[in-house]
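Across the two complexes that follow, chain A remains constant while its partner is chain B and subsequently chain C.
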Partner chain A sequence: MTGRITIIISSFWVVAVILLAIFGPLAAPADPFSPVGEPLLSPLEHGPMGTDALGRDLWSRILYGARQSLSAALLATTLTVSIGTTLGLIAVLYTSWLGGIILTLANAALAIPGLLLAMLFVAAMGPGYLTVILAIGLGGAPGFIRLSRSIFAQIADEGYVDVARALGAGKLRIARNHILLNAQGPLLSLATTHFAWAFMGITTLTFLGLAGDPSIPEWGVIMNSGRAFLIDAPWLAVVPGALISLTILAVHHLGLELTDRFRPRG
Partner chain B sequence: MNKAGCTFKPPILLILAALLLGGCAAQADPHRKLIYGLTLSPSGIDPHINASAELGIPLRSVYDTLIFLDPVTGEFVPGLATAWSISEDGKRYTFELRDDVVFHDATPFDAAAVKANIDYVLNADHHSQKAAALLGPITSVDVIAPDVVVFNLEEPFAPLLDSLSQVYLGMASPQALERWGASEYQFHQVGTGPYRFVEYIPNDRILLERFDGYDWATEIYREPHAGYREIEFRFFEDLATRAIALESGNVDILGEIPPMDAQRLSSSGEFSMHPVPIPGQPLQYLFNTKNEPTDDVRVRTALIHAVDRQMIVETVFMSTSPVALGPLSAEGFGHLLSTNQLAYDLTSAQELMREAGWIADQEGVLRDKDNTAMELTIIAPSWGSNPDVAQLVKVAWEALGAEVTLQIAPGFGPLREAQASGNYHAIGINFFGTDPDILRPMFTSTGLYNWSGYANNELDNSLRLAAQSSLDPVQRQRLYQKSIEHITTQALVLPIRDYVNLVIADNDIAGLRYSAPGWFPLLIELKPTS
Partner chain C sequence: MVPASHRTQTHFLIDIAKRVFEGLLTAWIAVTLTFFALRAATGDPVSSLLSQGLATVEQAQALRTALGLDQPLTIQYLDFIAGLFKGDLGLSLYTSQPVDQIILQQLPSTAELALSGLISGVLLGFFLGTTAAWKRDHWTGKLASSLSGLSTSVPVAFIAILALLLVGMLGQQTTGNLNFLGYSGLLPALVLGITTAGPIAKVIESGLIESLQSEYIHAAMARGYQKDLRLLWHALRPALPPVVSLSALEAAYLFSGTVVTETVFSRPGLGRLLLRSILEGDFPIAQGLVVVAAIFYTLSHLGADLIAMLLDPRLRDTT
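== the complex of A and B ==
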């Protein structure tokens, strides 16, 4: 029962954040880049969330930030899923030397945690928002290759795939009409759980100042700039921090629920 | 300092507390250890080799210099040299030295020691980042007598006396330099100052101990002997942790405190705030004159007019710093301020942009005759308040109609790399110093830090001649005034604020005062109030 409630709350939260990302900027009362008043006004002095250290409206920055953080995580996840699915599929179809190489490389990369891999990438490329997205997209790929490969391998062992193969279907045809089609559900659950990781990764790197430009209204960036005022203006860091945590939790729970649903039965 | 733990009243507890809480007992001891916070962990701390201002905070009191710059009068006063004279051609400086000084390792201080120090600094293998440049066109040092030394110069060099008053040219024991060499000396420093160097553990601490034999205090020191037996320096690099470190008693004195924290702490009654003006260049942005559109002086002038510096100072510094009025701070260089003040004036900015061929379209975006939108890139360093200021400059230029990209460079290395790429229109960089010669590397065509790419014979000449006018202060001042007018008329730099270091000190400490360059405390004068 508690699981059900968690799922309902998580769904509501995710829908709310998505709505915020789509319509938030339209509802924002101020430009998220320009000062609107004195710095560090409290929520009581300047509703609903006060102003940040440069006098910008925090509520407007949070609203724009929803779109910024969510779309960045979405882009990074898309990159990871594209790379992961393609290479995972190739590894299943070409079990000989090519699959071996892909798996060995993915396993080697997995020795380094994804977030660290992403940081190494940013260190090499120099800070920047696009670099952060690319880094998280690439950093998550090795894990995704392995997981998607195991899903594909399971399906490739099914009787109907053997039948298709016996009937003379080519590798591409098997991949498209049988493996990918039947892997949609598990892949979706995998991608959802991964989205939570990507969201955490993006906000972690931007919190560390790796976005390059501290004026970007993004939840990790906003939390970082509020960090220096934890005593005088705690809401500056607490609000974006809470939003990030709740969003990660909610998406993660949804991902787990999807995994349960698409778990092979029988 | 553990204040809360010292309020036990019942006698038995009091005795127990006295026995157990060594920290509390130490607080009443006037000879206890003082903890001074540093805000940056330098890559190396040999002042003859490394360039960080942070290293001078402890080491200014480990070394004496040949001369000192009086922070009150601005005059040079005797240090290890009792008198000095400059030859008529300005190429020969003769120093008479004290004969009663010994280094902390008991080596006597004499003319040969001075020569050994200068040779150590000028040794090309040692790659001195600052001290060698401070010596300018020096060619050799001659030992005339044990207490007379002569510096020979290739050409006159007016900043030399100022250079010799700086910690980077503090006199080190020649025996220690010889014994440890350039790679190890930073861990075994030996000077003649009021404090003795005990140890340096990188990223952890620097420990100094009072040198009880100190008997040759310069006249700028108001105390002949140090008040604290030991001073430990610890690193507090993260801005957000500094106020907490003070409040929790982990540090007694700490600089570069954010204005809001500084105000809160000083109104608590336990701490006092010491705003220390730092002479030199203000927090500023150099315009790149090699890239369009900032190659046009009208565009540069417009970009300066578009920035409300007063608002930036009020927002970021809560008015604890003055608005900068030119390429040199008012502190120390008040006589060199430009008459050409580019005030915040959006109308003039728009007018100048129109003159330069940049017309705002219906959405307010500035476009040239080819309909290309104006794109600007700002590169700002990550330290201090630079990122905050850069964001507000970005907003101001966007309000004028430019599309602005802001890039924060995390450290001096990345800043240099970004600069070397040339892909910027404005870049944040500034140096501190007490001699106006700090303009030369930045604004002469071959200068090491000519990041604006500006090259002009007239400006080159006046800055070079000013550096050579050793014996004619009036001529020197006139040349600097001329240079500063040139720099402001050409709008090469957007000055934002003069630096003020907000230092917070525990009220148990008295006598906190700083040397002329601002960053360096006169540790000898510190003493407990009780």
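== the complex of A and C ==
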């Protein structure tokens, strides 16, 4: 499906963003919290990217922001995958009433669109990074439960699982040694695709101002603060927006490639 | 003996009744989840007014009584559900206006935006998807396919910003005021349409590719059909039911898109109302909006399923 070149470029981009998140703050030329010069300097007048409305170095804020955006999305994805996998597995192992309840609740939660569900959490807990991470992490769980359950259900139907059961293996042993072991590939592709969604969700919520303190550099926050100066300093909003979009696009392509690779044969 | 056609008709009705029941159950659980999630986390919303110094202790107590917050949670829940049936969603914490009225005030603006967004999204998605499948081996098809991929990956916020920037720069060039584009709703609707188009295009693309490879199309071509509009119509027919159901689902999801679009374009509407109520801590409004969205989503989901069952006979005898 997706071309080889697309995959190579996507991998390079994802690695670059990860490196940026890890080492970026060390390489930042200035403090992202305090002004370095006049506000709204153009990239030609100052550094590689100019300054924002408060005279802070945009390049430094982008570098620090990479860590904030990426780690938030990573934490949210980890939360979604752990909840989704656990409950999905339980729904397959205990097909009777417990599985039914889990699925019914997941379906009902899916009746609230993801972003709205996330905003509901923010409404309940008040703005902040922890809230945004929890909101996206928990908001993604119902969908992940359904998807992981269908992966597990397919594996649980395989002959070797029946054999293991006939040999007297308990539910825990079957879950660990057979179902989870064989679901690693599809789960990885699911988690990758989900990360793209989480990254978009996190940056959308922070863009809307739901992360609280706007002085903390984060890509969605930076894009939002550039919104008021679109004509005079378009790069303030365009640079973080483009970085967010490219990252989502790259992760999305990697997810598609993994899905292709781990698609069950036959 | 019951005639065969009769029997399938009864089955069909039972299927519909089952789907309606499932839909109602889902809506009820979603509403209940919303109610308890907000109550459990916020505890007493009036105390936030107290801590902000917006109310005295006596006023807060009066407000608690007025909002029914001094009642046990189960009574509050039953009141809330009973109110729902009467269209009563409670009162705003700040203005004491009924929430249903506030929502109704803002509804037309958002409905207009969402509807025009959906229409432009379906049109654009149809165009991109058909082109991608029909011209699959040509560069135009590949371009259409990657454009629809792009539309799902680029956040609404960034598309909106790019659109504003483009119009702003054009406005500078022509020294004319192009702000009317934003206010007339054309630009926000287009932005929403672009984000909606991606999934629709993908469904049309895969459906059309599949039916173009099917035997009846090969047979039609063997009988001398040219690869023209007539053939396209034949091939599109089986690809349409999923598009109809997807469009109905997208209609519900558009609400998330309007939150961002209304914020960026400074348009009044439900999306901005939700954002403001969350940032201000006016939880009855937030709760009312989420409940309305959940009910609307469930209903459109149900509608989508019923339309798909009507359009596609294969879906009718699944039981």
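Here is the rule we go by: the second predicted complex is superposed on the first by the 264 of 266 C-alpha atoms of A that agree within 3 Å, B and C clash if a C-alpha of one lies under 4 Å from a C-alpha of the other, contacts with A are read in each partner's own complex, and residues count from 1 in each chain.
As a convention for this text, a residue touches a chain if its C-beta (ideal position, glycine included) is under 8 Å from a C-beta of that chain, and two chains touch if they have at least 3 such contacts.
All of these numbers come straight from a predicted model, not from anything done at the bench.
Engineer: Does chain B (first) or chain C (second) touch A:108, or do both, or does neither?
Structural biologist: A:108 contacts chain C only, not chain B.
Engineer: Quick check on the superposed pair: does A:213 touch chain B, chain C, both, or neither? Answer first, second, both or neither.
Structural biologist: Only chain B is touched by A:213; chain C is not.
Engineer: Between chain B (first) and chain C (second), which, if any, makes contact with A:39: first, second, both or neither?
Structural biologist: A:39 contacts chain B only, not chain C.
Engineer: Counting only touches as set out at the top, which of chain B and chain C does A:181 meet: first, second, both, neither?
Structural biologist: neither
Engineer: Is A:227 touching the first partner chain B, the second partner chain C, both, or neither of them?
Structural biologist: both
Engineer: A:18 in the overlay: touching chain B, chain C, both, or neither? Say first, second, both or neither.
Structural biologist: neither
Engineer: Of the two partner chains, chain B (first) and chain C (second), which one does A:126 touch, if any: first, second, both, or neither?
Structural biologist: It touches chain B and chain C both.
Engineer: Tell me the contact category for A:53 with respect to chain B and chain C: first, second, both or neither.
Structural biologist: In the superposed model, A:53 contacts chain B only, not chain C.
Engineer: Going by the contact rule stated at the top, is it chain B or chain C that touches a larger number of residues on chain A?
Structural biologist: For chain A, the partner with the higher number of touched residues is C.
Engineer: Per the definitions at the top, what is the overlap between the chain A residues touching chain B and those touching chain C?
Structural biologist: In the superposed arrangement, which is not itself an observed complex, chain A uses residues 126-127, 209, 227, 230-231 for both chain B and chain C.
Engineer: Under the stated contact criterion, what part of chain B meets chain A in this complex?
Structural biologist: By the definition above, chain B touches chain A via 239-240, 243-244, 258, 260-261, 264, 311, 315-316, 318, 382, 387-388, 391-392, 394-395, 398-399, 405-408, 410, 414.
Engineer: Residue numbers of chain C touching chain A in their complex, please.
Structural biologist: Listed in rising order, the residues are 25-27, 29-30, 33-34, 37-38, 40-42, 149-150, 152-158, 161-162, 164-165, 168-169, 172, 252-253, 255-256, 259-260, 263-264, 274-275, 277-279, 281, 283, 286-287, 289-290, 293-294, 297-298, 301.
Engineer: In the complex, go through chain A and note every residue touching chain B.
Structural biologist: Result: residues 33-35, 38-40, 53-55, 126-128, 209, 212-215, 227-232 of chain A touch chain B.
Engineer: Going by the contact rule set out above, which residues of chain A touch chain C in the complex?
Structural biologist: Touch residues, chain A against chain C: 104-105, 107-109, 111-117, 119-127, 196, 200, 203-204, 207-210, 220, 223-224, 227, 230-231, 234, 237-238, 241-242, 244-245, 248-249, 252.
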